[in-house]
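Heads up, the next two complexes both have chain A, just with different partners, chain B and then chain C.
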Partner chain A sequence: MADALQLDPGKSEKKRKALSTTLILFIVLVAMVAVFSVLSRDFYSFLNLSAMLTNISFSGIVAGTLTMVLITGGLDISIGGNIALTSCLVAYLFNLEKPVPGWALVPIALALGAAIGAFNGVFITRLDLNPIITTLGTMAVTRGLGYVLTKSRSILIMENVTGFIGRTVVPGIQIPIPLVLMAITYILLFFLMEKSKFGRKVYCIGANPAAARVSGIRVNGVKFILYLMSGIAASVSGLILTGQTAVGMPQHANGVELDVITAVLLGGTALSGGKGSILGTLAGVLILGVLYNGFTMIGFRYVHIRVFQGILLILIVALYELREKKRY
Partner chain B sequence: MSTPALPRESNRMKRRSIGEVLLYGKSMLPALVLLLLILVLFFGFTTKNFFTFGTYRAIISNIPVIAIMSVGMIFVLLIGGLDLSVGSILGFTAVNVVLFHDVFEKAGIPLAWIPWLVVLCSLALGVILGTINGLIITRVGINPVITTLGMMAFARGLSSWFALGFEILKTGRITDKVYLNLARQYLPSAKIPAVPITVVYLVVLYAIAIVVLRYTRYGRNAYAVGSNEYAARLAGIDVRRIKFVSYIISGAMASLAGAILVAQLSLGRDDAGLGSEMEVITAVVLGGVSMAGGKGNLFGVIIAVLILGVIRNGMVQLQQTIGLSYYWREVVKGLILILAISIDAARIMATKRRQRVRQ
Partner chain C sequence: MGGQLLEMRNISKQFPGVQALKDVSIDLGAGEVLGMVGENGAGKSTLIKILAGDYSMDVGEILINGQRAVFRSPSDASEQGIRVLYQELVTLDTLTVAENLFVGHLPTRRASGLVDWKSANESAKAVLRQMNIDLDPRTIVGDLTVHQKQVLEIAKAVHKKATILVMDEPTAALGEEDTQSLFGIIRNLKEQGVGIIYISHRLKEVFEITDRVTVLRDGQKIGTVRTEQANMAQLIDMMVGRELAEFYPKREVPVGETLIEVRDLTIKGIIEKVSFNLHRGEIVGLFGLLGSGRINVLRALYGLDSYDGGTIEVKSKPVSIAGPDGALDNGIGYMPIDRKLEGLALGMPVSTNITMANIDRIGGGFFFNHKLERQKAEKWVHDVSIRTPDIGTEVNSLSGGNQQKIVLARLLETGSKIFLMNEPTRGIDVGSKVDIYQMMENLCEAGAGIIMISSELPEMLSMADRIIVIAKGRITGEFSRQEATQEKLLHATTL
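Up next, the complex of A and B:
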């Protein structure tokens, strides 16, 4: 409450806090890279780092938009279902009797993501529904539609139509395309959140929705746009995943929402809204990526990491809670 | 909040149209019963074999697992919380039931005792996991969504870990007749399998839960905490303890459901109950329990569980009759969840509008 009343003096202080958190996160990141490089000989190799970053970019793009949704106090857990449905639809359309041409697949996929995002947005803003439950429902609907489309099988994409999104590299400098897409997303989102009017509105809604409404911000409009963006980002991730695996299947990205939410919260965003930054999320995404990759390189298996992930999520939030308490 | 009842109000209440009952009525029960009837009729006319004993048995034996978890979930939703970890706790219990059973069998404990010991141990497991949830939420003060999301990953990860680590979990099969009879007996007799024993458990459990929610101090306090936590604290209620107990109940119910599921399937695997938290939340919210807490009862939840059961079975029969893909079930489930909370929201809006008009 107090934050919103003194928005201007509070903001500089809040910004300093956010920056210092981000700084700590990046220091942790560098330290972890150093530790894993010592522990595993293969970790610090071009091949591994490039593979790791390509893997990260798939969940990283969604994490960026989810940060904004979380800052307004919302949540979107339909991203996994959205990604799966995108991959299914692309594979399905390409394997029709008369295949949809490759160039048309990208806009169709993006339109699908936008439609799902708009669906979430309309229900959450117009009917004022609980975002967790609404997107839980959308998750079931999208994954279910994926099962319907593919009849619960995997549809292979034999020709290299979507591969350019997932598997190719920028000629000359060998940077994978997904990484480029993620970089573009983060640069855009960074400027949107830090430098534009829209970003300020987002922070304001998160800090105090009632005050935001009174001061003339169209709260529902802004929230709708955020869910729309989240949907579109998920379909971009879906395209990347389809490109990487060349297969559309409804089980794709199962449980990815946990990875993404963990990354966003690690970046200092609060689930209660009003707090968080794009840079913090970037750090969170990178740290988690390095952590999982590093543990795998040392010889842990996926199930061990999964157990660890649950504990990590709670620990992260507990640490932030502690930090907050110390401050006041 | 509510306007004081005027004398002519009571007269008005008596002459309400059906629409008014559905929209403004205190309980969602009439609307739910209507929905159930419509669904039964719909499936009855669109499929060939819906009105048969087989359908009845399929529906009635599929219900208990979700219904038992719903009992736990209502306690959590009433206090304004959420438990996303129930599906994973169920899975973890399922894996452990097989392990417990194996251990007890090798220890030479009489076969007749084993089922009860196993159920007791699994309940203890659920209580432990629920306690961890409750401690983190009430003592450390972390958001229930995050906590139970973490527990969801943790418990599911542990069960996969166990499944990789123990030889007996490669199949996860339980062949002990005594244990399977926990869920496979029928009343009145094996020749006339009218009521499965699991439904009897269910009736007992619901009776206990309804009594606890209505007539005990804990139940009333839970409603009070859910409708206004601040006021409840001022009134001297130990809010943290009430919440803590709710998460324990939720964990215990999830593991009880797990023990019964293993007996039903004679199989305990690490992916048991994957995604069932969604179905449970759908049932409870569709049953009229408010996500905001403090509102709802178990009568609505029973009807909602029945509705979900009818849809699940009806979709299978639709596939057999007209070839509609069975996988539409997931889509329908998701849409119903959204529909359920939309109805809840619409009812709140309608009531508010009416109050404003009257003033």
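Up next, the complex of A and C:
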């Protein structure tokens, strides 16, 4: 039965390595949970872990879609502005004299996210603009529109549909709905990237866009869909955040780009494209969440953690860069 | 010939899993051109990289003018007068010729410390004139042709007192005229006592320009022969280690129905009213000089560039090709000129690269069938004889010939009937070339047709059934295989 013993030949060296990177990350995650549990008695409690996971779910969802964008060599930093504008629009519409009903808020929010994503996608693919600059512009536009819409104020929104999305738990097992949404997102994206034809095209585009085009892959079409997905994911995150805080405000998700990009890069996705995995990003998101929560629990202040996070981002990139250099 | 300028003795180098060099010794005299030939993976590049100080050697020693030299870095080697001109030139394209020539030591005004442009341009002119090179020091290097850039690199090396010059496939991107101009410069360098190591796959050139030839195979030196005492067949035998009955395995294939009919294809300012056709079983060569528009014809047929006028009929049905996916749907496949630029996802495994043009057909519906992909990849690795440890190996670790076969396998996997091949054997070893020619003949026998571009005249004359000459965007001649000669083709390019 020599055949059965043989290593799966279809799994590339790269895949094997990506897998092992992910494995290392999950080991780090478990180790961190263990350390923080020893350092703080309150850390390893159902209440704290559940709160932590709920807190990371809104950035976790956009990290998933951003992973795919990064694999094609693109970037989307408009997600924070998108989240903020979604929350502002939803709260604004609900607080009109004739309020838009709760059930209509969800499709409206998703349509907004899709529109922002499509806007990015069109400019980046059709006009071949630089994704960083394009989405930087969109970030300013969306967050700015949030300020305009709310007249720079926070709008309270006590409403059932967003409340359900952001503030309820699955009855019986006590798992928060945001966490369920994040889990569904990651399962779908995992199958999309690892098992589907579309995912294979995404990887090929990242590895060599010119070769992908010559191979008949509709490079622009695929990229457009990814920016569209990123936009829609951001509006889902916007709904979650609106529900969690019961407020629509333009300052929402300020600086979330840093969290999300750090998590994706930590998960082993390369800024240059072609490499990365959804599972890696999941590990990255969880590690960052545990770090934030753990440091808070043992008494660090948010501002200090922020400094630490910036340094961490640079360290991660340096580390992967060194590893890449060592290979050749 | 003066004393030994360079000796590399008993060089061995091991990479993980590969013995790249085993006990290789070469020597080079002042004013001598030493050819170095061998299939891809024979060890030429490794040997050169050791000489340039890029790699360290496991065993062996290097002597320069009889003195033992130790290279810890490329700058050590360059201090000893060693320069390597790599295939991919590393010019600073946004700067001028003079800046490139004097990079790092531009003349400055003593008073201000600012660059003295006048003196820089004048001394650049003097340096270039001394070498009989006609270049304006103020030209932006990005505007130069490949050959001019190459000449500039040579001038830079000589200016920096290089005594040993290594040229790695210097003519790969050059036409006939530029090649002759390069040879003129090489002869000039010989007179000045520069020793040159000349690496090339083009044996004809090796015979023309070298004094001796060293043949490497599988990391070992097979032998060094005096060029005047050697012949082509002997060198090929030494390189591949087997008899090559016929270099171009051309078969007579009966010509069938028309596969593609192109009428009045026009791209404004580039090609004008180009009309031709291709039949089953036929190889049609498009011949022309650089910039003649022959590549644009191929790219337009594949939907990579748009065209302004004309019609394309595939199997007598008019089609409009909006992009490569549309071309593939019409049974048209394309092999790009540069496998690294447009051909391969280098960091991806062999299997991914083979199936890349067929993703939608591997598995039904939404999901990609990884098992089917493995089967297909295994089949092609076997059928096209790709030498790879397994189908999961990243293609950037394979030799050029094997990489090219992967591009070919992908093309075959699309099931196309019309193949557009842009320099199908560019920069690959003799053995792989023959394999690819065989494959082209197999395709013709199976009822496919091939439109081929090649800048290697012997390849064109031997493989194409019909040759269409394109000059300045127009067709200026058409010759059958029997009629075509080098002179006729070159003459047609001037019409």
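Just so it is clear, the second predicted complex is superposed on the first by the 313 of 328 C-alpha atoms of A that agree within 3 Å, B and C clash if a C-alpha of one lies under 4 Å from a C-alpha of the other, contacts with A are read in each partner's own complex, and residues count from 1 in each chain.
Rule of thumb we're sticking to: contacts are C-beta pairs under 8 Å (C-beta built on N, C-alpha and C of every residue); 3 or more make two chains touch, one makes a residue touch a chain.
Note that the structure is predicted; figures quoted are calculated from it, not measured.
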Chosen between chain B and chain C, the partner touching more chain A residues is B
Check: Which holds for A:Tyr203: it touches chain B only (first), chain C only (second), both, or neither?
Finding: second
Touching A:Gly274, do we find chain B (first), chain C (second), both, or neither? second
After the superposition on A, what does A:Leu47 contact: first (chain B), second (chain C), both or neither? neither
**Request:** Quick one: classify A:Met158 as touching chain B (first), chain C (second), both or neither.
**Result:** neither
(Q) Is A:Ser215 touching anything from chain B or chain C once the two structures are fitted on A? First, second, both or neither. (A) second
Q. Just chain B (first), just chain C (second), both, or neither: which does A:Lys195 touch?
A. second
Check: chain A residues flagged as touching chain B and also chain C none
As the complex stands, chain A meets chain B at residues 75, 123, 127-130, 132-134, 136-145, 147-148, 151-152, 255, 258, 261, 265, 271-272, 301, 303-314, 317-318, 321
So, in the complex, the side of chain A touching chain C is made of residues 9-15, 195-201, 203-204, 207-208, 210-218, 274-275
Within the complex, chain A is touched by chain C residues 302, 304, 323-325, 327-328, 334, 336, 341-349, 351-352, 356-357, 359-360, 362-363, 366-368, 370-371, 373-374, 377-378, 390-394, 410, 414
Residue positions on chain B within touch of chain A in the complex are 82, 136, 140-143, 145-147, 149-158, 160-161, 164, 278, 281-282, 285, 291-292, 325, 327-335, 337-338, 341-342, 345-346
